[in-house]
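Heads up, the next two complexes both have subunit A, just with different partners, subunit B and then subunit C.
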Partner chain A sequence: MGSRASTLLRDEEIEEIKKETGFSHSQITRLYSRFTSLDKGENGTLREDQVNFRGFMRTLAHFRPIEDNEKSKDQNGPEPLNSRSNKLHFAFRLYDLDKDDKISRDELLQVLRMMVGVNISDEQLGSIADRTIQEADQDGDSAISFTEFVKVLEKVDVEQKMSIRFLH
Partner chain B sequence: MFLLLPFDSLVVNLLGISLTVLFTLLLVFIIVPAIFGVSFGIRRIYMKTLLKIFRWATLRIERGAKEKKHPLYKPYVNGIIAKEPTSLEEEIKEIRRSGSSKALDAPEFELSDIFYFCRKGIETIMDDEVTKRFSAEELESWNLLSRTNYNFQYISLRLTVLWGLGVLIRYCFLLPLRIALAFTGISLLVVGTTVVGYLPNGRWKEFLSKHVHLMCYRICVRALTAIITYHDRENRPRNGGICVANHTSPIDVIILASDGYYAMVGQIHGGLMGMIQRAVVKACPHVWFERSEVKDRHLVAKRLTEHVQDKSKLPILIFPEGTCINNTSVMMFKKGSFEIGATVYPVAIKYDPQFGDAFWNSSKYGMVTYLLRMMTSWAIVCSVWYLPPMSRQPEEDAVQFANRVKSAIARQGGLVDLLWDGGLKREKVKDTFKEEQQKLYSKTLVGNHENRSRS
Partner chain C sequence: MLTSEPPYRDPAVLSAIEPGDVTAAPPDVSQEIRPLTNHSSPGHSKPRKAFPVLGIDYTHVRIPFEISLWILLACLMKLGFHVIPSVSNIVPESCLLIVVGLLVGGLIKGVGESPPILKSDIFFLFLLPPIILDAGYFLPLRQFTENLGTILIFAVVGTLWNAFFLGGLMYAVCQISGTGLNHIGLLANLLFGSIISAVDPVAVLAVFEEIHINELLHILVFGESLLNDAVTVVLYHLFEEYANFDQVTVTDIVLGFLSFFVVSLGGVFVGVVYGVIAAFTSRFTSHIRVIEPLFVFLYSYMAYLSAELFHLSGIMALIASGVVMRPYVEANISHKSHTTIKYFLKMWSSVSETLIFIFLGVSTVAGQHYWNWTFVISTLIFCLIARVLGVLGLTWFINKFRIVKLTPKDQFIIAYGGLRGAIAFSLGYLLDYEHFGMRDMFLTAIITVIFFTVFVQGMTIRPLVDLLAVKKKQETKRSINEEIHTQFLDHLLTGIEDICGHYGHHHWKDKLNRFNKKYMKKCLIAGERSKEPQLIAFYHKMEMKQAIELVESGGLGKIPSAISTVSMQNINPKALPVERILPALSKDKEEEIRKILRNNLQKTRQRLRSYNRHTLVADPYEEAWNQMLLRRQKARQLEQKMNNFLTVPSHKLDSPTMSRARIGSDPLAYEPKSDSENLPIITIDPASPQSPESVDLVNEELKGMSRLPPSPEEEEEEGLVMHVKESSSPGTDDVFTPGAGDSPSNQRMMRCLSDPGPRPAPEEGEPFIPKGQ
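And now, the complex of A and B:
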């Protein structure tokens, strides 16, 4: 039934998603087709965390490239999901596992462990984590807040590194 | 009974006449040519007419959509996002370089490393090479089947009428015809091979067996209205060899077996399939395994080796992918058949999805639903290429040989050559892939063991 995907998504829904995320009409229908092919259980959500299509699109919207004409648009409306600040916030939330707006040493260790597997010892990993927090921490609470996170990454080309280029 | 109205007998007469006409048509135009292996060319004319109609239908839809100023859903064959073919190392170095003013290329963790992983992850969620191989290929133009239509709302009246006509022809004329043919073909196969099985072993038995098999497969080919073009028939598999082909559906067997006499390999099933299997093995030495034996790789390899070593035995037909793929790519070939040491005759099969999609999505449709879908499509059009025989070279192992054969088949059929296992249709990716990535990333953190000089 994946081929009838675009007819299952109503036009009003597509308009709402377009406003919220900034994707074009054809991109939304294409991604809906993809969502249905990933949704093996066919119950409208993706298995592990029960993500529905709106949530799916909201997450993907963080990775839209920042276009120049958007920067000057609508200053009164809510910040677009793919702004530099929101992209950084997305990455911050990947580290901040308990969602307390701070990256603690333990959380950093856990994420590091996921990334390196069994290839690095606990002591080495611990010293890497300590050094990272030391360099970033400015208010002395041995944790990284969002502001400190942004400061550390101020030179990184976030717009390019956290963007996916669409072909159409 | 005594209220038989006058036109009841008329109806009965009409029914009788139409059935007779149907059966005569069947016999003269389809079954007799199948027995002798000749063709009137009716199917090709049918194919050409259909193509013209499809082109017209697509233009109407595009026109209709333009009039309503609505964007059309167009399937994109090359994916929807641009992926950079850079490695993990290069990308992480780049990210660190742009953000840090420290010494370049010194291995050190940066908070920005995570950008690489989440971007790659989201890219793969949006578009990956494997998931799309297990669903039917999307068509560029509409072929008047509702199952492939993505732009339902733009059909004009004329087009709807044409579509309705198509439904009528397919379900009321073609379907009964095809079911009758399939029934004939299968029963002839079962009866014929059982009869041949009673003959004493010898040249006569072989000759008759071969022709019974070929005749019945040809009838089945016509039961699906399969229009097959064979290329390079001089490379057809010979005795003592193994024929390998890419797998899209169970119909592949019928397509290949109607042009050559093969020994099949497979698991014994129950029901109708099992009955056919038990019948054909009486006439011809097919290699059937019990369910329990299939897991024992050594036993399978032993029986296959015994078969190929007897040079007088028929070529074995094997599909090394192990599962049905949607005919846009070729996935990993299991190395079992390439370890045996016989000459391999690769065959590439490419279906044209315009007339009917032959891919069997076994997680969506059962066998019977699948066959019905086949029989209610317009036709099954495919090309078969017989590639020159290949043997394992002394310096390659079975896996490399399998990959070499796979590339040859992919190249000839115009399919994408993938290294991924077709088993991913039902199973998750092995952890070893994740561990590889973790190892690569660890190297960027602590460098190689030799130049680690800090704690």
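And now, the complex of A and C:
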């Protein structure tokens, strides 16, 4: 299985992915085999949304743990995909469905509804959403922008929470 | 019971009171009765004497009296330390208490009595369980489970390493000729090592609580001190059994290994069983709320005793039962019972801790000591070395698997925080003289190590923490944002883990949550709450807290105007579009509002009318809060309708009904003040970490409120938003005036909650009626 996977993935590609995401060689090959096992239709993409392997890796790169040697590196290149800011940005984008860089009350309501199920009334959920926005909102636009989002989560240990230990 | 008794008693862990003491009581009682009936039995030996109007019978009440005196001493000491704050900033409380114990012991000895020693039974059966239960019940579960691997490795491997390293080295030292220690065998040394190697939860709690270190380090050291109990129990029994034989066979080692698993897992199992039973019982207590807390305490204590019965780890049983029962019990019991449980646990554990340290001091004076320089000094040195090496080695190993690595600073604090305490002393005390002639020397060494760690390490850890700039604990409570986003991230990570095929932490947590929701909650939680998602429960709790603060601060009774009912939504504020107007009220709206006001105002100062302990009236505050919730919803709808009016609002002062209502509700005269300098302006920063429990919704400044746009786009139910405003422009009127555009007209929400409540002095005494400002 391993050898079959690596023949489909050329070495230059691996190098590119490595540079972009920071994964190691073995991690990339392992994840590629996972990708192919998920990819039932064998057409190189997951689902009809055409998530190809590059996209898959790019998404997963957000969840790589932040390593110490990376922390010390200065910003000489583009910010690595798994920096705290990028992790938070990833989460933010999941909330922000219409991609206007703000989490509006409706978007928050949708997420809340998905999280709590069907037993809670709309009004109660609405009051929670309002309270949430009120707590976070600082510029008064009754929506949560990315900076406000970051500020609210400043006490949460995002580096640990949003990291998966990919086996070497 | 607290008297010193001949030290070579068999360690009978289960006998708490010596039989001799109990039998002392009845003869006195019978003697009391006799004089009264003397005249009816003429042949009696006692001569007839006058009826004793006043008599002294100390022996009758001696035991409870002495116990109460000791506890009172402990409490007074605690009080004293807080009245004199300067000392307690430098020296941790535990040190002061030991010193007090030394003084008291010296005093008693000076008087000629022999001071009591901390007997192991009392310690293990009465003093230790409250502390552990308090710790277990309020264990921060999230951090604990996230770091469970690390904690287990420190607890198990670390303690084993400490015990063997120390025991082995001490044996080597004993072998050195000339020290006079040659008679101590290897196993005795290993036993000594196992006694002294365990980090003590009581000492750790006492010291770490005062330095407010960040949660990760706190949970690591504290968790380690809790979980190493299993290792200690196994090692102690193992070596105690075999210390007098010269060698330990392989089967013994294997059995010991097995018994470790039995002891720890068995303890956890016992705890879980009792926890589930307690949770199940609490499901049915809705009619007898008074005894709810008692169930929690009793079941946990039974778990502890049952585990000790089978020589399993009582501490782990206690922790497991507390952890298991807590979510279900809290969903079932009333708010008052919850408060009762919390405060009783804190009270008992606090008193226990104080007593333990005092008794350590007293026992030091009272006990027989045998000081051997070599033994004691080398014990001390090797303890420190073993701890440091152990932590360093284990951290190097653990960091390979951790996502967030432990920095050298962390490692230093972990190593430095390995305090020994009363458990070591009690275990040493349990040794009997027949088998362990060197018991006194062991005890001396143990006490020395305890003193060193508690005094030296305890005192210096705080300046070291400051010096090394270790992250401190952040004193904020969780905001609802954090709760939502953390749960969201949980789900997200579970999904990602699924995609990667990686069975990590989130995967198992998710599985546990599903199991919990599907089966456990249905059985163990009464009624509707079983279906309540965690988020909603959290939200309710938060609202309840704020509401209670609101009621307690008297804000409810002082609401002068109609809008304040609307502003009660400050507790549950909603986003408000920047431009906002509060229109005038038509007559029937006024009527409705006045009715709401009347109902509100009446309910604030209800006292509990029932003295009968069998009937506990439902908490008036809870009732009031529920009604307030309903009213808030009504007011919200009311306001929604009001939004549709775009008429120019009248000045608040003009409306006679309003001013009447306001004045009527407030005993103080209402006077519009022109300037606002002496008005406390407390702006609220919603996401500020500095706002703890107290609801500082006092003087909110609204951004300028102007006309509500007639377009329906923003027509959701909006409340009044509170913004942080630095600029304060006087002269703008209250809520009713139309703000021209925005900022210059800062409306101050000074009505509702203008009583600052829990805030300290300067704001108090201000009339809390909003001034026309």
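Everything that follows uses one rule, which is that the second predicted complex is superposed on the first by the 163 of 168 C-alpha atoms of A that agree within 3 Å, B and C clash if a C-alpha of one lies under 4 Å from a C-alpha of the other, contacts with A are read in each partner's own complex, and residues count from 1 in each chain.
Here is the rule we use: contacts are C-beta pairs under 8 Å (C-beta built on N, C-alpha and C of every residue); 3 or more make two chains touch, one makes a residue touch a chain.
No experiment lies behind these values; they were computed from the predicted model shown.
Engineer: Following superposition onto subunit A, is the placement of subunit B relative to subunit C best described as a clash or a fit?
Structural biologist: The answer is clash.
Engineer: After superposition on the shared chain, which partner residues are touched by A:E13: those of subunit B (first), subunit C (second), both, or neither?
Structural biologist: Neither partner.
Engineer: Regarding the shared-chain residue A:Q138, is it in contact with subunit B (first), subunit C (second), both, or neither?
Structural biologist: A:Q138 sits against subunit C, while subunit B stays out of touch.
Engineer: Could you tell me if A:L112 is touching subunit B, subunit C, both of them or neither one (first, second, both, neither)?
Structural biologist: In the superposed model, A:L112 contacts both subunit B and subunit C.
Engineer: Between subunit B (first) and subunit C (second), which, if any, makes contact with A:E159: first, second, both or neither?
Structural biologist: Second partner only, subunit C.
Engineer: With the two structures laid over each other on chain A, which partner does A:T29 touch: subunit B (first), subunit C (second), both, or neither?
Structural biologist: The answer is first: A:T29 touches subunit B but not subunit C.
Engineer: I'd like to know which partner A:F63 touches here: subunit B for first, subunit C for second, both or neither.
Structural biologist: both
Engineer: May I ask you to decide whether A:D130 touches subunit B, subunit C, both, or neither, giving the answer as first, second, both or neither?
Structural biologist: second
Engineer: Which stretch of subunit B would you flag for clashing with subunit C, going by 97-105, 295-303 or 421-429?
Structural biologist: Stretch flagged for C-alpha clashes with subunit C: 97-105.
Engineer: Residue overlap on subunit A between the subunit B contact set and the subunit C contact set?
Structural biologist: The overlap between the subunit B and subunit C interfaces on subunit A comprises residues 31, 34, 38, 60, 63, 91, 94-95, 111-112, 115-117, 119-120, 124, 127-128, 131-132, 136, 149, 152-153, 155-158, 161-167.
Engineer: For the complex, which residues does subunit A have touching subunit B?
Structural biologist: For this pair, the touching residues of subunit A are 2-7, 25-27, 29-31, 34, 37-38, 40, 59-60, 63, 90-91, 94-95, 111-112, 115-120, 124, 127-128, 131-132, 136, 144, 149, 152-153, 155-158, 161-168.
Engineer: Quick one: which bits of subunit C touch subunit A in the complex? Just the residue numbers, please.
Structural biologist: 146, 401, 403-405, 474, 476, 479-482, 484-489, 491-493, 496-497, 499-502, 504, 531-533, 535-536, 539, 572-578, 633, 686-687, 689, 703, 716-717, 719, 721-724
Engineer: For subunit B, which residues are in contact with subunit A within the complex?
Structural biologist: 71, 73-74, 76, 78-82, 95, 98-101, 109-119, 122-123, 125-127, 131-132, 135-136, 138, 147-153, 363, 434-435, 438-439, 441-442, 445-446, 455
Engineer: Would you pull the subunit A residues touching subunit C in the complex into a rising list?
Structural biologist: Residue list for subunit A touching subunit C: 31, 34, 38, 60, 63, 65, 68, 91, 94-95, 105, 111-112, 115-117, 119-120, 123-124, 126-128, 130-138, 140, 142, 148-149, 151-153, 155-167.
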